[in-house]
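Here come two complexes built around chain A, the first alongside chain B, the second alongside chain C.
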Partner chain A sequence: MSDTTRGFADLAPSTGAKFRQRTLPILIFAAILFAIPMAGPSRTFYTLAHQMGINIVFALSYNMILGKGGLLSFGHAVYFGLGGYLAMHAMNWIEDGVGIWGAIPMFFLPLVGFAGGALAGAIIGWPSCRKAGTTFAMISLGVAELIFAAAFMFDSFFGGEQGISGDRMNGIELFGLSMGPIDEVYWFIAFWTVVGVIGMWAFTRTPLGKLSEATRDNAQRVQFIGYNPQRVRYLVFIFAGGFAGLAGGMAAVNYEIFTPDALSLVPSGFVLIMAYVGGITYFVGPIFGAILLTYMQSMLSDFTEAWLLYLGVLFIAIVMFAPRGIAGVVFGFLDGVRGENPGRYFGRWIMRLVGILLMLMGLIVLVEVSVRWSNGYGEVYEPFGLHLGHGNVLSWLLVILPAVAGVWLTRFASKEEEGQ
Partner chain B sequence: MSTPALSLKGLNKSFGPAKIINEVSLDIAPGERHAIIGPNGAGKSTLFNLISGLYTPTSGTVELNGEAISGMPAHEINKKGLSRSFQVSNIFTNMTVRENVRCGVLHSMGQGYAWWRNIGSNKAVQQKTWEVLEHCALTDKANVPAALLPYADQRALEIAITIAGGADVILLDEPTAGMSHSETERAVNLIRRASEGKTLVIVEHDMGVIFDLADRISVLVYGEIIASAPPSEIRGDPAVREAYLGDEELPEEVA
Partner chain C sequence: METIVFGLLNGVSYGLLLFMLSSGLTLIFSMMGVLNFAHAAFYMLGAYFAFTITGSTSFWIALFIAPVLVGLIGAVVERFGLRRVHPNGHVAELLFTFGLAYLIEEIVKIVYGKTAVDYRVPDLLNFAAFELYGASFPAYRIFVIFIAVAMLVGLWFLLKRTRAGLIIQAALTHPHMVGHLGHNVPFIFMMVFGIGCALAGLAGVMAGNIFVTDPAMAVQMGPIVFVVVVVGGIGSLEGAFLASLLIGLLQNFAVGINLKFAEIFGFLGMTDLSEVGRISVSSLAPVLPFLLLVLILIFRPQGLMGEKEL
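So, the complex of A and B:
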């Protein structure tokens, strides 16, 4: 066992494994971002992609405290918003050439956002990071309400209900980007998304990043390896605030406006759902969550007015049946098909997928028929030429039968798994 | 006499009206292996919590190498060279064994709360982590998540984290509790190796382990130390027999 020829180097992953697990995914991610404009995407696609980039950074920053730090916050949008507001003001300072601001390109506004978010984290985190758990969660909720209320009182900074707006086409141009047309803003968003992802990934590899995980697992023990868990939490909180502010700075340039709504509990809840649905135990989880939920937010809302209801069902289903999120499902699937008996695993997986789709079908019919019934405009749900009114027996059959069949199929798949 | 490594002076701890630790005074010399025994509820774990800074004494002081440490936060005490283990495994469950030990090593390697360097690129940290793992016979399980370790290995990891920071005063709280005979033997060997040249204070219920390891034994009953002497004297002490050992079979003295 204690073979003297073996050394510490054997314990660490090999260079090849490091490349595959760490460098390669980031290269692929950057390559995809680089390739997107070549496909000549539409304006709608750009708008969506920008929102995704912003949300990826925002959700990852949230997971620095939730997944890696074990701190449940209900007010993370505060740091996104405060960083964004500061960037918004800086945008106007650049336009007016106030002081040294005239010499700073718009391109660097996310750094101003980072500073604003980190500063807010340093001030608000000081009292709130003393305790973890429920206390921390409650304080975060209180702070979020407080800042949101304050946003309507301090008009010169928050701009009241209209918020603060600006014009990004000012100041020095960098990399030949006037920042005007949407495809030029794309490079700005892509650049800062990659910087944010790499920065937060690198953070998990630092001593402080590891101590953050240790504090999450066991704060008491951290004291007995010579570290103050409060200080670990506080420092991590500042960084999480900073990266949230970075996302805020990206949003400031992208939308050229910030309103107090950006600090409210709604985006704070949305970032929690993005991170959780994506999978908080994985670094990439929030990226998946941000992409899916941003898509749902902007696309699904075009299809149905009940999209928030579907979002709620998705969130509850993930919490109950797939607590490791989309990332957990994806990596579980990859492990499964690589494991013993991939054929049977794949079979069960297909069975589950069909079962879930059937349940989803029942749910969709139920929701869509009910919403129209409740609205009372006499509107009728007509998918694929069917006429599904609330008085139609077929409507209710299409709710019950797929739902029952779906439940049966998924349970059958689970039994099959246990019986193996 | 040289400065004791650990010195308790008139230590008291009350929770409301309940007096758990009562006027405990004890000097432990550098390099000594000192065992604390006593019936359940005697206050052994409370005493450990007072020494390690988890609790603040109601009155009295604790000195580490002549410096008063009572009232200091636990992490400051740890930095001064006092480390402890826990009765129930107190490890970082979602991290691998190697990451657990590496966290224990960080502070002594001057890594502080650094956020600007890569944890994996520091050779000294990796080297020290490897040494501790090898010392505790955990190298084979280095990349196993701590939560999946068998019980005995979790206990070994508990000790590994405790010694990783290189503290020279080590407090072990029932390190062999719940272990089988062979596992206990392995743990005792580990403790013996780990405490070489260091001061060891150990709470333990297994009398075989105690009489095997300890240079001196203190008997704690109802928060008071009723005897503090080498094992041979403790064995013959009538007060100790009455209060604690009772009719329990003591291991025969090994010549």
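So, the complex of A and C:
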């Protein structure tokens, strides 16, 4: 036997590498979640953190079908919403002590949500998973509209415009959590976020998870080796619906109310943006995306009313220039710094960053000045004591000069990279 | 009788409007393989441009200028946006147009404000064409039917009877061969995208004053247009035509029928007391296209006229 052949056993990662790559990140993630309450954060922070936890699970569940399954859905909020609604009803059943419900602690409501989401996925996925690609995307859109419209017809389940509300401080207490105060709800959210992340990570390691990636890359070959791609898609779809329902169950306990808006196209679009901006080719990508976009949603919307415009620009920029998302940028940076000639790489990177910041500055001035002109209240954009009206030459200089300089800098950096 | 005649007329005019939108979408899809998610946003731009141009000149000038402007914007978007994203695959292209739809809506909100603008039917056409059974039918709707049919004939003539149409059709199926014969295929793609967007803009000019011209009009129309395209069979112009008329008629007839489920299915023992029984057919009208979509996908997954996929 020649030296060029190696056994499969040698190619497998060592135990240490396995621990570093698979177990350690989750331990660190759990440790961070565990450490947060030690810092004694404020109420606002808790609210934000809960929202992030819910969105992390939601975005990861979306990536099960988009990133791993290659199915672009415009209606993933349907499963989030239906799971959440079922959990909401279960919350009320627990309060009334109907039948067996009296014996179930509020803590396990996300499991009810999981069941609801998976059931919805099983029913809706049956006709829609027959096709992949663009047709699947259009079907998901149509189904989302259908369910949203139906939500206003069946008041007994969806509660009409006011939705369904409940009270989480009922039933059996588990782990000494009454679920009343916000810092007790934190443990609930943190627990289920970690469970959701581990569950979806574990799913990618199962044969079904691997098959789902294979179906995404080449459905025909999957068929050749004896699997039915439609069934693979369908099963993955059910699981993705289930985890979305899990996030819905978390949201039900956190907000204690669910309205039909939770099923509409708006949250469906938002989860798509979260997952894609974070980076759909990486498992952690949607986690980054969920954290960043949730932060933007709650913080940026206080500063500017045009935050959706910024979101749109960010999304288009990611689609055009960084299709692997934030995770791709971060890991690409780490690889580049570790590679040869890290000094020049770092220099280019700084140049790009400055260029992007300059373009962003031009954009911000343009948008903020326009928004104030559009509102017509005579308000003027005044950053750092400057007085930037829409008739002011200085405002237009501040739009054009940084934008041009930024474009030039980023193009220069790209050219240098190509010339290397 | 009255319901039937008016349902038919309204249905046809609405269906033809839908076809104006879906024909551009189908044209773009069959050429580039990408479903333009921002199509309804271009439709909205058409309505807003028409409003601006009507304000300073007249509706008749807007009828020509606004679609051309929208088409130019579409061509620019293809040249500097879509073409860049193309190597990353169809999902990336679809997502690009999805982001674009967001962006256009937000920009329209800034430029024109968040409330509806006063875009009206021109005075010249603002009269009743005829009266039937005591109800009048607006002349503008006749005009819509006329323009839509003219556009349909024009499109058919362009694609089937001219040299340019021949090249476009060839570029649809054999882009490389057409390129080897010395035609600028990327330029053809840009033109087709521009024409598709211009058709959407034309639909916006025609529909903006029948319905409401506000920033939500794209979101309202978008999903229905996609339903039309999928029901007709993705990429098939004939299918899009059939599906547009079908959905137009279906929705308009449903609006006219004020029966409740309990009255229709009363013989099955359904009563007013149950929730399903209280739903009336007219309230179901907005949902019907989506219901049709699901039914079509279950019984004929390739759409009415679509080709069967392997």
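By our rule, the second predicted complex is superposed on the first by the 413 of 420 C-alpha atoms of A that agree within 3 Å, B and C clash if a C-alpha of one lies under 4 Å from a C-alpha of the other, contacts with A are read in each partner's own complex, and residues count from 1 in each chain.
As a convention for this text, contacts are C-beta pairs under 8 Å (C-beta built on N, C-alpha and C of every residue); 3 or more make two chains touch, one makes a residue touch a chain.
Note that this is a predicted model, so its numbers are computed, not measured.
When the two structures are aligned on the shared chain, A:A150 is found in touch with chain C, with no touch to chain B. With both structures placed on the common chain, the touch criterion links A:L211 to chain B but leaves chain C unconnected. Residue contacts after overlaying the shared chain place A:V253 against neither chain B nor chain C.
In the superposed model, A:S370 makes contact with chain C only, not with chain B. In the superposed model, A:L235 lies in contact with chain B only, and not with chain C. In the superposition on chain A, contact of A:F224 is made with chain B only, not with chain C. Applying the stated contact rule after C-alpha superposition, one finds that A:L111 touches neither chain B nor chain C.
By the touch criterion defined above, A:I94 reaches neither chain B nor chain C.
Across the complex, chain C meets chain A through its residues 29, 34-35, 81, 84-85, 88, 90-92, 94-96, 98-100, 102-103, 106-107, 109-111, 113, 219, 223, 226-227, 229-230, 234, 275, 279, 283, 286-287, 289-291, 293-294, 297-298, 301, 309. Of all residues in chain B, those touching chain A in their complex are 52-54, 73-75, 78-79, 83-84, 86, 90-95, 98-100, 102-104, 106-108, 111-120, 126-127, 129-130, 133-134, 137, 139-140, 142-143, 161-162, 164-165.
Taken together, the chain A residues at the contact with chain C in this complex read 70, 72, 127-128, 130-131, 133-135, 137-139, 141-143, 145-146, 149-150, 153-156, 265, 269, 272, 276, 306, 308-309, 311-313, 315-316, 319-320, 323, 367, 370-371, 374. Residues 1-2, 6-9, 11-12, 202-203, 205-211, 213-214, 216-218, 220-229, 231-232, 235, 239, 281 of chain A are the ones that touch chain B when the two sit in their complex.
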